[in-house]
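Okay, handing you the structure first.
Read from first to last, the chains carry the letters A, B, C and D; within each, the first residue is number 1.
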Amino acid sequence: MAHKHGHGHGRERIQFANAEDKQEFSKYPTKAGRRSLSRSISQSSTDSYSSAASYTDSSDDETSPRDKAQVNTHGSSDFCVKNIKQAEFGRREIEIAEQDMSALISLRKRAQGEKPLAGAKIVGCTHITAQTAVLIETLVALGAQCRWTACNIYSTQNEVAAALAETGVPVFAWKGESEDDFWWCIDRCVNTEGWQANMILDDGGDLTHWVYKKYPSVFKKARGIVEESVTGVHRLYQLSKAGKLCVPAMNVNDSVTKQKFDNLYCCRESILDGLKRTTDIMFGGKQVVVCGYGEVGKGCCTALKALGAIVCITEIDPICALQACMDGFRVVKLSEVIRQMDVVITCTGNKNVVTREQLDRMKNGCIVCNMGHSNTEIDVASLRSPELTWERVRSQVDHIIWPDGKRVVLLAEGRLLNLSCSTVPTFVLSITATTQALALIELFNAPEGRYKQDVYLLPKKMDEYVASLHLPNFDAHLTELTDEQAKYMGLNKNGPFKPNYYRY
Amino acid sequence: MAHKHGHGHGRERIQFANAEDKQEFSKYPTKAGRRSLSRSISQSSTDSYSSAASYTDSSDDETSPRDKAQVNTHGSSDFCVKNIKQAEFGRREIEIAEQDMSALISLRKRAQGEKPLAGAKIVGCTHITAQTAVLIETLVALGAQCRWTACNIYSTQNEVAAALAETGVPVFAWKGESEDDFWWCIDRCVNTEGWQANMILDDGGDLTHWVYKKYPSVFKKARGIVEESVTGVHRLYQLSKAGKLCVPAMNVNDSVTKQKFDNLYCCRESILDGLKRTTDIMFGGKQVVVCGYGEVGKGCCTALKALGAIVCITEIDPICALQACMDGFRVVKLSEVIRQMDVVITCTGNKNVVTREQLDRMKNGCIVCNMGHSNTEIDVASLRSPELTWERVRSQVDHIIWPDGKRVVLLAEGRLLNLSCSTVPTFVLSITATTQALALIELFNAPEGRYKQDVYLLPKKMDEYVASLHLPNFDAHLTELTDEQAKYMGLNKNGPFKPNYYRY
Amino acid sequence: MAHKHGHGHGRERIQFANAEDKQEFSKYPTKAGRRSLSRSISQSSTDSYSSAASYTDSSDDETSPRDKAQVNTHGSSDFCVKNIKQAEFGRREIEIAEQDMSALISLRKRAQGEKPLAGAKIVGCTHITAQTAVLIETLVALGAQCRWTACNIYSTQNEVAAALAETGVPVFAWKGESEDDFWWCIDRCVNTEGWQANMILDDGGDLTHWVYKKYPSVFKKARGIVEESVTGVHRLYQLSKAGKLCVPAMNVNDSVTKQKFDNLYCCRESILDGLKRTTDIMFGGKQVVVCGYGEVGKGCCTALKALGAIVCITEIDPICALQACMDGFRVVKLSEVIRQMDVVITCTGNKNVVTREQLDRMKNGCIVCNMGHSNTEIDVASLRSPELTWERVRSQVDHIIWPDGKRVVLLAEGRLLNLSCSTVPTFVLSITATTQALALIELFNAPEGRYKQDVYLLPKKMDEYVASLHLPNFDAHLTELTDEQAKYMGLNKNGPFKPNYYRY
Amino acid sequence: MAHKHGHGHGRERIQFANAEDKQEFSKYPTKAGRRSLSRSISQSSTDSYSSAASYTDSSDDETSPRDKAQVNTHGSSDFCVKNIKQAEFGRREIEIAEQDMSALISLRKRAQGEKPLAGAKIVGCTHITAQTAVLIETLVALGAQCRWTACNIYSTQNEVAAALAETGVPVFAWKGESEDDFWWCIDRCVNTEGWQANMILDDGGDLTHWVYKKYPSVFKKARGIVEESVTGVHRLYQLSKAGKLCVPAMNVNDSVTKQKFDNLYCCRESILDGLKRTTDIMFGGKQVVVCGYGEVGKGCCTALKALGAIVCITEIDPICALQACMDGFRVVKLSEVIRQMDVVITCTGNKNVVTREQLDRMKNGCIVCNMGHSNTEIDVASLRSPELTWERVRSQVDHIIWPDGKRVVLLAEGRLLNLSCSTVPTFVLSITATTQALALIELFNAPEGRYKQDVYLLPKKMDEYVASLHLPNFDAHLTELTDEQAKYMGLNKNGPFKPNYYRY
C-alpha cells in the first residue's frame, strides 16, 4: 500500500491568468503572518473540509451537474447543484446548524422588520456549508437577493447546496468541481440577465478578481466588497495601494472577534481533535514542541498542556517568547529538542520550519503536523525521495519509513490539520458569519461619503455588537454603565468601550 | 479597638496650585481605563509600598533629614536622606535586587564601552527602592549624571537612598515626607548650581509639573521626558493637545512589555499573595466574583481558578465578556450573585463598581478588595457611617460590622491590594526599568528631527529588545530566521517581527 | 429518517441458562460501584468497539465462518476466523499497536530467555484487537501455548484474528457472531483433543462459566484464572464465598495501575473525543453537569474545565463532594441546574440518574451522554414513548424531539460514550495487558501454597513493575534509594514502596 | 549580619528519659513515609507556627508565668498562662476563627441538646491556637470538662490561652516554654485533686507518654485516646504490638479527610504562600524540581504549574512516577537537572534527598526548601562548614555563599516551609478538629466491647459525616439516593458509600 509519490494533489489555488496577479499572490506572505486561518481555508482546496460533506453522495451518479437539467419544486432552474433531490437532507443539516448560530437568528429577528438589506443584490463566493446557508438565508430574510458560488472545489456540501437551490437561492456549486467548473460557476453566478450585483461577499478574492477582469462595470454601482480571507484582503490592499480599488471594501479578517476566536479558541480545541481522530494518541505525558507562539500556537499549547502533555515552543519574536516563558513553556530551538519529541506542530506561517534534516533526527513514531498556514511549514517535498517509503495507514495519515525502519507519522501531508482532520465548531463560524452580515449591512446603509475607495476595518462598535449577539449562547449578562460611571470613564454607555489599539 | 473614622489618610495625591491643573487631573480617567498600575503606585501614597521598606528604621531618631548635616565617605553632602549610615544595609538590598535584574546588568555590559548616555544629565522622580537603584546605577554606568527624588512620600527605602547617596548620586528622599518636604526635595533635585538637567524620568508627572512651573528654561535644552505612569502620560497628552509640550516625550506606560507583563502576569501572582497575607483564606472552592475582565481581571481570574476557586466575572464590554465565556467564566451582573460570594474583587478602573447597597447584601465574612485603579472602585466612603462599626483586625484588614453582626472584610480600605498587601516581583520591575533605560537612550541619541514635540511610544523594535534582554533569565533560546524565511515573510531578521496593531 | 423504536439492540449480555447464575448477575451491582469501566466493555456488546474494526470488511461475503474451510499457509486449519486472507493487513495493525506497547515488548525481551510460561496452556476470552494480539504473542514468546476466543460478539477485528491464526494461534472469533456462534467458539477453544488448558484469561467470566459447567475437570490441573472485568471478578468473589472456587484467581480489575489509569486518565481524554466526534461541540463556555465525582467523573471534569467548560457536579458521597468543592466545582442537585445545562454526563454506576422528568426540563439542544457503567444511568427507556420523535442524525447520535420542537441530543443511546464514540488509547490497553501477562506469570510460577482457592489482588510489587515497564515511554528516570535512605524509610530498595492501603 | 552557626535551635523534640522510648521514636520513620504533616507540626517546635501568635506580646514582662499569681474574672486561678488580661484580644481571635469553622459550630448546635460528652473529662495536649480554642469550646458545649496544655513550646497563642482560661478552661501553656515548663504544664494539667481524666486528646504522644509513666491508673477508667500525629500514632501501634496499650485509641491521622485535605489541598496553597512571603519570587517560567510525587508533592506541583512554573519531579516509586508522567511532569533524577533549577522542593519524607554535592552544583540564586517531614530532607548540616558563609537576609531566609560568590537561598533552614513561613488555613484545621471531636464522641459513647485495647481508624461513616459538616461552607448540595437506587447499588442511603479500600 505504498503511497503514490509525485502525483499532483490538485490545484491548491486557482491560478491567475496574468503575471501581475501572480506576483501579487506570491508577495502575499510578507504581510500576512500567522493570522491566516481563513486564507488557508481558501487555499487548501483539496482538503476534505467537513466531515459532514458527503452524507448521501456515495451512490451518486457520475454525470456532471453542468450536464443535468434540474428544476426545483417551485419551477426554477436557475441553479446548478449535484442533485436537487438532496434538498430535504440538506435542510435538516441547516436546521442543526441554526441551533448553534442563534446570533444570526437573533439578527434576523432584530432587523427583519426594517429589512436593512432591501435592495441589496449580493453575489457570494464562500465555502458552501450548512453554516454558510444560515448566513445566506439571514441575508435573504433581511431583504437581500443573493446568488452564490463556492470558493473551493472540494468543500461544498451538496445537500446544503440543494436545499438552498430548492428555496430559490441560485447556487452554482458542487463537491469535486474541475478548475473549469470553478470559473464557470463564478461566471454563471455573476452574469445573469436582468440582475446586477451591487455587493460582493468574497472569501479568497477569486470572485472579486473575476468581476474586475470580466465585468468591471459592476463596480460602478456596487456599494462595496466584504472580504474574509487573508489572501483576499492582501489583494485588496494591493489594489488600494495601486489606486485601482474602485469601491469601499471591508476587511473582516482582522476584526477582533474573528482573530481572537477563530485562532486562539478554535485552535485550542481543534488541535486535540485533529490529533485524536488521526492517531488515537494519549496526550498525557507526551513531549510536544509547538513552533510559533502566536494566537494559533497559544491555543495549541494551552490545550495540550491542559491534557498533560509536556510542551515546549520555538519562537523568533522575543516578546512572544517571553510570554511563553511566563505561561510556563520552555523556549527552545527545534534542533535542540527534536530527538526527544513525540509530536511536532507548526504554527508559524513561515516555510521550511521543519526541515528534512530535522525529520531525519526525529525518533521512531514521532507525529508531525501543521496548524499554521498553507502546507509550506513542513518540508514535505523533501520526504518524497526514493530512500523513504510512504505508507498510508489511515485517511490523512502517512507513515514515512526510513531505511532503518524508523517511522515518522505525517498528518494531512503537512496541510492544515484542523481543517483536514477535525471539524470547525459551528459557534466559531457563527462569529465570522455574523461579522460578514454586519459588514454588508454597514456598507449597504452607510451614508454617502462615510466610506471611500479604500479598505476598512469593521467599526469597533460593530465588533462589540457581534460579540454581544453571541452572549446569550452562554446565558451571559452584561453590566451596564451608570450615567455617572460613563461620565467618569468618558465612555458612551453603548460603547465602543476600548481604544482601537487595545490588545484584548 | 474601634477604627478611627474620618481621619485623613494622608494626601493621596499632591495637589496642584491652580485650577487648570486640577481640571486636567480630574479629567484623567476618561482615557485611562484599567491599565493603571503604575499610576496607582503614584496615587496611593499612603500605602506601605514594600515589605522591605523599613528594615532598620524602627529605632531611628525623629529629627527631620532636612535638619541633619550628613556627609558621605567621599566628603559630599549633596543629598538628603534619612541616615547615610544605613548605606551598607541598602547596598546589600541592591545586590539582592541585581540578581533578578540581569537584563539591566546585561544592558550595562553591552553598552558600557560606548557610554551611550555620556553627557546626559537626568533628573528622576520615582519610587526609590532597591530596583530603582539598579536602574539609576545602570544609567550612571552608561555615562549619565543623575539626581533623584521620590514620587511618593511613603515608598522610599531609606537604606537604599543612603546607599545611592554614599556612591555619589544626589538623592533627596526619605520615607514619611510631609507635602512640604516632597516639593522641597524635588526643588533641591532640580535647582542646583552649575548643573542643568537635559532629561527627565518621571513617574506621576509631579517633577515635570514642577519644572514647567518653576524652571521652564530647562526645556530649552532638554532632549526629552520619559514618563511611566498613566496619570503622567495623560498630562503629557493634554499638554501636547494644548500645544504646550516643548520637548519630545516617551510614553513607556503603553509599551507591550509593560502592559502585558505588569498587568496580566503580575496580577496573576499578586492577587493570591495579597489575599493570603491579609486573610489566610483557602482558595479551594471559594466563590469569587471579579469585576472587569481586562488584563488585570484576566490575571486574577486565571490564578484563582487555577487554585480551585469558582470564579465569575462582570463586564460592560461584550468582547471581553465573550472572552470570559470562552475561558470558562460565567458572566453575571454583580447584583445577581452578590449574596453567594465569598470574595469580591474589582478590576475595572471605574468608580462605585461595588455600591453600598451591594455591600449591604453580602454574606457574613465576605472579603472585598480592589485590584483596579485608585480607591474609587469600592464605595468605601459609604461604609463610614454611624450604623456600621469598623474593627481593624490586622494591618490593612478591617472588619466592617453591620448592626445584625454581619462582618464584611475590607482589605486596604479599598486601595490597591497588590501594592498595599503584597510585593511586586523584581522581575516585573526589571522589565519596566529596562524599558525606561532604553527610552532614555533612544531620546538622548536620536538624530535631530526624529522626535518632535509630541508623545511617542517606544519603537516596537526596542520593545522586542527589552524582551530579549529578559530571556536569559529563563534560559530561553530564540530561533533565528533563515535568509530564505525572512524573505518569505518579508521581515528583517532582527525584527521588528509584528505589525504595530498586533494584539499579542 | 425516524429511528426505529423498540427493536432489540442485540443481546447486551450472554444469558446464562439457569436461575442461580442469573441471580448472581442481577446482584452484581450491589458491590460494583463506579469502578466499572472494563465490566462495561464486557457488557456493551453491541458497541462498535474500535474504529479500526472493519478496514477491509465491506466487500466480504456473507458465508458464516463456521461453514468455511480455511487453511493457513502452514497447513493448519485449527481456527475459525472471517477470512484468513486478511492476515497481512492484520499483521500491520499489530505492528502499529506494538509501537505503543513497548512495555510488553520489553517484557518479551526480559523474560524470553527464561521462558517463564513454558508449559502454560492458556485459554483466553477477551476482545480480539491488535492490542490483544500483542498480548497473546507476548505470552507465546514467553513459552505459553494459547487458544483464544472473543468475549464480545461485535468487537473482533477480523484482520487481526486472521493474522493470529496465520501464525498458528488457534483463534475462534469474528465480528458479528450470533449468540450460538459465541458459545460454539468458546467450546471449540476449550474442547480440543490432546490439549487441556491449565490457565484461563477471562474478560467477563463467560469462559470461566462455560468451563465450570461443561469441563469442570479442567480445574483439577489448572494453575489459576486471571479475570479483568468487574462482572467477572464479582462472580469469582461469589464463587469463593460459596466455597465453589476451586483454583486461585487473580483480580486484575482492582489493581492500582488499571484503576487509576483506565479511569482517571483515560476518561480525561475520551470524554472530549467522544463529545467532539459525535457533536462537534465547542467546549469553551459550555455549562456542563457531571453526575458522580469518582475517578471517571474526576477525569471528565478535569478535561472539560481545562478546555473552558463551566462544570458542576452531583454527588451522593460527602467526601467526594468535598473534593469537588476543593477542586473548584459547584456541587449541586441535578434538578437545580438541569434547565441551564448544555451537556449532562453521567458517571455514577447507578441507575436512573437522569430521569424522564429531568429530560423533560432540559433546554433545547442539550446533549446527554453516559460515561459510567452499562446503559442504566440515563432513563433512555422513558424516551421511547409515542409523544417523542427520535431522529438519528449521525451514527450514535439521536435527536429526541419533544412535541414543542425541543431537541435533546442523546449519544450512543445512553451506552458508554467513550467505548461507543471514541477510541481507547493503545497506551492504556498496554497497562492492562501487561498486568494480565504478569498475573499469568505469577500464578503459573507461584510456589505451591502461595495462592489458595481464593481471589487475589496482584502483589503491589508487580503493580509497581507494570508501572516501571511503562516509564521508558516517557523517558522517565526513576531515582534509586541509597542504602542509608532505604534503611531510614524501612523499605526494600526494589519496593514495594507503599503500604497496601496507600491511596495514590 | 552573619548567621550564627552551630547554636542549638532549641529542642526539636521533647526527649524521653529512657532508652526504650528513644528507640521507639528513632524507629518511627520506617513506617511513616510522607504522610507526616501533623507529626512535623509536633516536631518542629522552634517554628513560629502562626503569624497571629504574638499580636500583643512585645511589651510583655519577662516574669515566668509559673511565678505569677493570676485570677480570672470568675475568681478561678486553676490555669497558668502568660497574661490573663489578654483574654479579650484572644476572644476576638477565637471569634474570627469561628467564622471559618462552621462545621464545629454546626456540630455544637446539632449535638448540644443531647450533650453527648456529658461526663467526659478530657485532658488535651495540642497546639493552642484560636482554632483549637474553637474545638475545646465545642467539647465543653457538648458536655465535656476539659483541661489543656500545649504540645509545642513555641506555638501557643498567649491571648487565646488567656481567653480560654478566662472562660474557665484550665489551660497551662505559653509561648516560649522551657523543657521543664513543658512537662510541668502537662503534669499540672493531669494531676489535679478531685478530678480524673477519662479521655485523652493528644498530638505527638507526649501527654499519653506522661500519663503512662506517672499516672498509669488513669487508664483504668479511661474510655480512650484520640491521637492526631504520625509520631503519636506510631507510638500507639508500637504499644499495641507490645501488648501494652490498655485503652482503645483512635488514629485520626490516617482518616481520609485529614490525609487528602491536609496534604494535597493544604500544600497546594501553602507552597505558593511560603515561597512568596520569603522570597517574593515570580513563579511564571521558573524551573522547579519537586522531589517526591505523593500527596504533598502533587499539591505543590499542581499549584506551581498552574502559576506558570515549569515543573519536573523525582520519584522512587514507579506508580507515582507514572502518575507524574500522565499529569504532565517530566520524571528526572535530581542530578540530571540540578544545574538548571531555580527552585528545589523536597516532599519525600526521606533523608539527604538533597546532598551537599547537589547543593554545590546549583546555580546562583537557586532557592531550596522542604515541604516534607522534619528537617532531614536537605542535608543542611553539610552547609555549616567553614568555606561557606551564611547570611540571614530575612526572617527564615538564609543566603549560603560559596567561595566563588554563588548564593543558594535556603528557606527555614530546611524545616517545613509551610509551617515556618506560611499559615495554615483555618478551614483545613476545621476538618481535623471536627474529626477529633467526632472521635472523642464515638469513643466516649461506644457500647462496651465495640472497641478493644487496640488502635482504630475512624469509621468511614464518620469520615463522611465530617465531610458533610463542611459542605455548607461551599453551599454544596448533596444528592440523596432514591430507595430504588440504594437497592440497586446495595448501599444504605445514609452511607457509608465506599468500600474501605477506596482510593478517592
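As a convention for this text, contacts are C-beta pairs under 8 Å (C-beta built on N, C-alpha and C of every residue); 3 or more make two chains touch, one makes a residue touch a chain.
What you are looking at is a predicted structure, and each value in this text was computed from that prediction instead of being measured.
Q: Which chain's centre, taken as the mean of its Cα atoms, is farthest from the centre of chain D?
A: So the farthest one, by centre of C-alpha atoms, is A.
Q: Same or different for chain C and chain D, when you check if over half of the residue numbers at their contact belong to both copies?
A: same
Q: Of the chain pairs B-D and B-C, which one is connected by the greater count of C-beta contacts?
A: More contacting C-beta pairs are found at B-D.
Q: Can you check how far apart chain C and chain D are, centre to centre, with Cα atoms defining each centre and the answer in Å?
A: 42
Q: Can you check how far apart chain B and chain D are, centre to centre, with Cα atoms defining each centre and the answer in Å?
A: The answer is 40 Å.
Q: When the C-alpha atoms of chain B and chain C are each averaged to a single point, how far apart are the two points in Å?
A: 58
Q: Do you know which chain B residues sit against two or more other chains?
A: Where chain B meets two or more other chains at a single residue, that happens at 265, 284-285, 308, 325-326, 330, 473-475.
Q: Which positions of chain A touch chain B when the two form their complex?
A: Where chain A meets chain B, its residues are 27, 29-31, 33, 254, 256-257, 259-261, 265, 314-326, 330-334, 336, 349-353, 376, 463-465, 467-468, 470-471, 473-482, 484-485, 488-491, 495, 497-499, 501, 503-504.
Q: Residues of chain B touching chain C in their complex?
A: 284-285, 305, 308-310, 325-330
Q: Could you list, by residue number, the parts of chain C that touch chain A in their complex?
A: Chain C residues touching chain A: 51, 92, 96, 99-100, 265-266, 268-269, 272-273, 276-277, 280-285, 287, 303, 306-308, 340, 364-365, 393, 407, 422-428, 473-475.
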